[in-house]
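Next up, some structures in structure tokens.
You will see two complexes here that share chain A, one where it goes with chain B and one where it goes with chain C.
Moving on, here comes the complex of A and B:
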């Protein structure tokens, strides 16, 4: 290590330095100073970067959560350009087969797609991961990333209808799975009004609320929709009546009753639902304001 | 409807739930006095574990390690939360060690001779503030540190972790936190940071490490705290952020880091502090919800809203506190009104009256930390895992956050009913929720740096 410090301080960019950085990295792959100096040396020596990729692969083995290795990979992939796409997508896939929610690997994959391309099969890949595990929120997040950012799919507006269909199906299969509920709202980000008018959403709400499944996410969405002017059908109102605890006055506004149901159904969040009850406007004055906020954030 | 298929996420989740349920079933099966015993915070054992860790900072430290200032911070901060202190020799060793990590051009590296890095700079500065006293505080070269911070600014508006390093929300927070607590924050430093963090708020409501990535507890804390410190928190979608964070508290009582991931004791702080910060953002949240901030228009269950509006109003954009502690004022600040606006947000923030009850279950969180994370000296992620200093620091920080989440103002002790387990034994010191340093050490540092 003393040798490394000597060449680092002397800023010596030689094959010997490269060798010493390799040894220091093997001793501690978390030493970002060594990695950074290695990049300086690599550039000075014009080394074949495919060889460097093999070196990183060897180090990466047990270090899939090390920031430095991922950063180095990104630097390498950037240098290699389009050449690196297939390799990097395959590499992250291999990580996901062991740990489907590895945060660094997902960030790397997103960076590769955006910087170097390779979007062609990405939606299908998300589909496959969600088939393996519909609760994998990282895969849902990646799906959102693809749908909103892939240059091949036409953006959220073009994809929304088919995505809503897919999401609603996932909700019906497991209504207690929080991921598709959040995804559904995401599909209508900054456009809650369209969600309010979406018949697929209304219909899945009714199905879930009249089933024996967990009602928490459905009630939570319904509460938000009501705040935005959603007009519930008579059937939906009846479903809420059935769920309303006897202690609750039937004259209470629907939004307040839903909060009360949630206080019982979701005791961990009783304070949250109580707060929602106290901050939910009786009529839908809130819409305009959240839309104003949406406009602000889009600027 | 299709029948639900068992997947890896469910299997893992059920296994943890089973382990936690066993612990809780046992706990509820024993008489109250025995319950009280197993709920006790094992102060002596934790202190022993922590001081043993500190001695590793002595001369025999490994030159390879790139995380030493972190180990320093996790350990010293945990000791401070326990209300303990270390002997003078260890204290001197720690200051000397951190001084050797300080780069000649500003900032702190992961060890002597390593390049300066934002995360280790944050850890080193928080360690020195936790040590306290003129020797520790004056060892920080603020002018050069400021230059280092500026060098780490990226064109995206965010910060880079180190020269040639990665840009993410963690880097933004550590840079802003350090600048703010050392009183060297200015407009140039914060320019574009808000845009970067805003681009990381995801469709779920939480904040990700980089634009496009998944909402995550650690980054959500970093993003929210940084936005508060630069006075731009109103730009985040707070109602969605709140909805996301309250759903991260699981059936175990502890928090998970991301949707459908497993509970982990360290998120007691990252997510718990987000919920704690939210309580002090009542005015902004209400504005975003389109609610009037006048008094008495809501049929809120807690009607403790009174007197907050008037008090909070005067907080916007004023910062007379610098003058209070520093009678001569700061030269050259008279015309820099924007700078004044952000100069002391950390102080102003904790002195806001709290108009909102905690939106998470603070007692249940304490139960998880004490019964599932606590070990015979040190804390762990979850049952079945080993202890480490990182989890010890953030379990204790989260425990403190939960204990103080019902107090009405900074510096006042919690009521016994809000502290899980035996009160005097379990009550920790309070943290500053934006910097995560013990509150009295924060006050000392603020006083020290406001006059420089």
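Moving on, here comes the complex of A and C:
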């Protein structure tokens, strides 16, 4: 480190400096000053940046959560331009094969797609990751990113039908998984009415609520839909009847009963469900509760 | 139910701050200013700041300043926003902000704002909503928020809002508790919380509490075993290399990020506070002091800070209240902002 200090202070931009930064980085890849000086030297020496990528590959193997490496990689990809796309997408894939939720790698991948392209196989890749682990929230997020931002797919409106179909399947497979429920809401961003009218949503609610699985997310969505004028079928009403605790009066409004079931089923968040109960109207339609679904926000 | 071992934690922090030669210090060397902020803020919350050699710390902090006005993580390191905020916070703790050339520091920070309102962390240009928070907080503490385009800064943060109500590091990036803290705090400081869907985000945040009482950082498969600090969005950029060296999974840090966010949007009563207090207390090293990421793991200053700060947010008796947006004791914030 003392040698590094010396060349750094002397601002010496030589092959020897490059070698010393490599050694210092191997010693501590988190030292951002060394990385920054290395970029200065690389620029001054006009080194072949493909060689530099190989160097980063070697370091990144054991340090995939180090900010400096990702930053350095982006700097390289920016310099290499479209040439870098395949390599960078493959590199992040390799990282995801060990850690599918690596935040840095996802951030890098999104940047590559937007800045340099390579969208062609991205939806299929999300599909593959979700097949490996349907709970991978990063993959769900990436799926939404692709569906809403890919220049090749026509946007959310064009993709909605097929995406709802996929999401509903994922919910059936694991109703306790928070991610697809949120994804489903996201697909109807700024268009709650269509969600209320979607027969696939109604059907998955019935399936989950009549199964032995966790009912929390289904009940929560049902509560929201009821607030927006959803008319539940007789079967769905019966399913709620079955789940209603004995302590609860059967004459109570459907929305109130659903809140009571949630208070029992999810005691950690009893106060949240209690608040939902207090802000939910007795009759469906017109929710005084902040317009939760409609406000699913601009991005 | 155990209690917070104030004396032991204070002793632990002072010992770590003094260490210069062991392995942990070498790996931490480049982010020592972050470490100083964590350690000293924890001491102050516990009423133990007097145990530190104030002049020595201030003189060292000032030696970390670069001619550009920004601060490096240690003497001789390049400047970065992360350490510039830590320097300002440490000086604020000691009521010594006047030793700074305020305009020089604030010009450095303001110079890192980009055309779209976002901020880069340093001259190399990495953009992240963490840096928006850091810039806004730093300039607020220096009373120089007028040096940046606040409207554009807010607009950029809102562009990182997701359909689940949370925020990511850039537009379209996954919501994560650490990133949400940065964005919500920046919006709180600039009086822009009306842009947050409080009920939706509050629900997402309270879903982070798991059976043990602890919190995770985002939805995942096995909340009780695989929460990870790996995505430490913290105030620290390079702490990763340190954390990764001995921590695989973590939860205590989320007590700070999730809790402070819930408080800022006025929804903290939606979680089970008693269980969370117990969880944090269970992560204490009862022999030697310090708090770990989860019960029975190795302690570090980073988690000791997040644990104690989390307890402070939970109004644990006998320690000072900490401000959820400024990440400094409330009395320090009042002194800096209101001159009290």
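Going forward, the second predicted complex is superposed on the first by the 280 of 299 C-alpha atoms of A that agree within 3 Å, B and C clash if a C-alpha of one lies under 4 Å from a C-alpha of the other, contacts with A are read in each partner's own complex, and residues count from 1 in each chain.
Just so it is clear, a residue touches a chain if its C-beta (ideal position, glycine included) is under 8 Å from a C-beta of that chain, and two chains touch if they have at least 3 such contacts.
Since the model is a prediction, treat every value here as computed from it, not as a measurement.
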So, on chain A, is it clash or fit between chain B and chain C? clash
Look at A:186 in the shared chain and tell me whether it touches chain B only, chain C only, both, or neither; answer first, second, both or neither. both
Touch check for A:94: first (chain B), second (chain C), both, or neither? neither
What is the contact status of A:58 with respect to chain B (first) and chain C (second): first, second, both, or neither? neither
Should A:278 be classified as contacting the first partner (chain B), the second (chain C), both, or neither? first
Applying the document's definition of touch, where does A:16 land relative to chain B and chain C: first, second, both, or neither? neither
Please work out whether A:237 is in contact with chain B alone, chain C alone, both, or neither, and reply first, second, both or neither. neither
Name the contact category of A:145: first (chain B only), second (chain C only), both, or neither. both
Touch check for A:102: first (chain B), second (chain C), both, or neither? second
Once the shared chain is lined up, is A:135 touching chain B (first), chain C (second), both, or neither of them? both
Quick one: from 150-158, 312-320 or 330-338, give me the piece of chain B that collides with chain C in the overlay. 150-158
Both chain B and chain C touch chain A at residues 5, 28, 30-33, 36, 39, 67, 71, 74-75, 101, 103, 106-107, 110-111, 133, 135-138, 141, 144-145, 149, 177-179, 182, 185-186, 189, 268-269, 271-272, 275, 289-290, 296-297
Note which residues of chain A are touching chain B in the complex, please. 1, 5, 8-9, 24, 27-28, 30-33, 36, 39, 67, 70-71, 74-75, 100-101, 103, 106-107, 110-111, 114, 132-138, 141, 144-145, 149, 172-174, 177-179, 182-183, 185-186, 189, 207, 211, 220, 268-272, 274-275, 277-279, 281, 285-286, 288-290, 293, 296-297
Interface with chain A, chain B side, in the complex: residues 1-2, 4-5, 7-10, 63-67, 109-110, 113-115, 117, 161-166, 198, 202-205, 209-210, 212-216, 235, 237, 239, 242-244, 246-247, 249-251, 253, 258-261, 286, 288-291, 298-302, 356-361, 364
So, in the complex, the side of chain A touching chain C is made of residues 5, 28-33, 36, 39, 63, 65-68, 71, 74-75, 99, 101-104, 106-107, 110-111, 133, 135-138, 141-142, 144-145, 148-149, 177-179, 182, 185-186, 189, 267-269, 271-272, 275, 289-290, 292, 295-299
Of chain C, residues touching chain A in the complex: 26-27, 29-31, 72-73, 76-78, 80, 122, 124, 126, 158-159, 161-165, 168-176, 197-200, 202-203, 206-207, 209, 211, 218-221, 228, 230-231, 233, 237-238, 240-242, 244, 269-272, 275
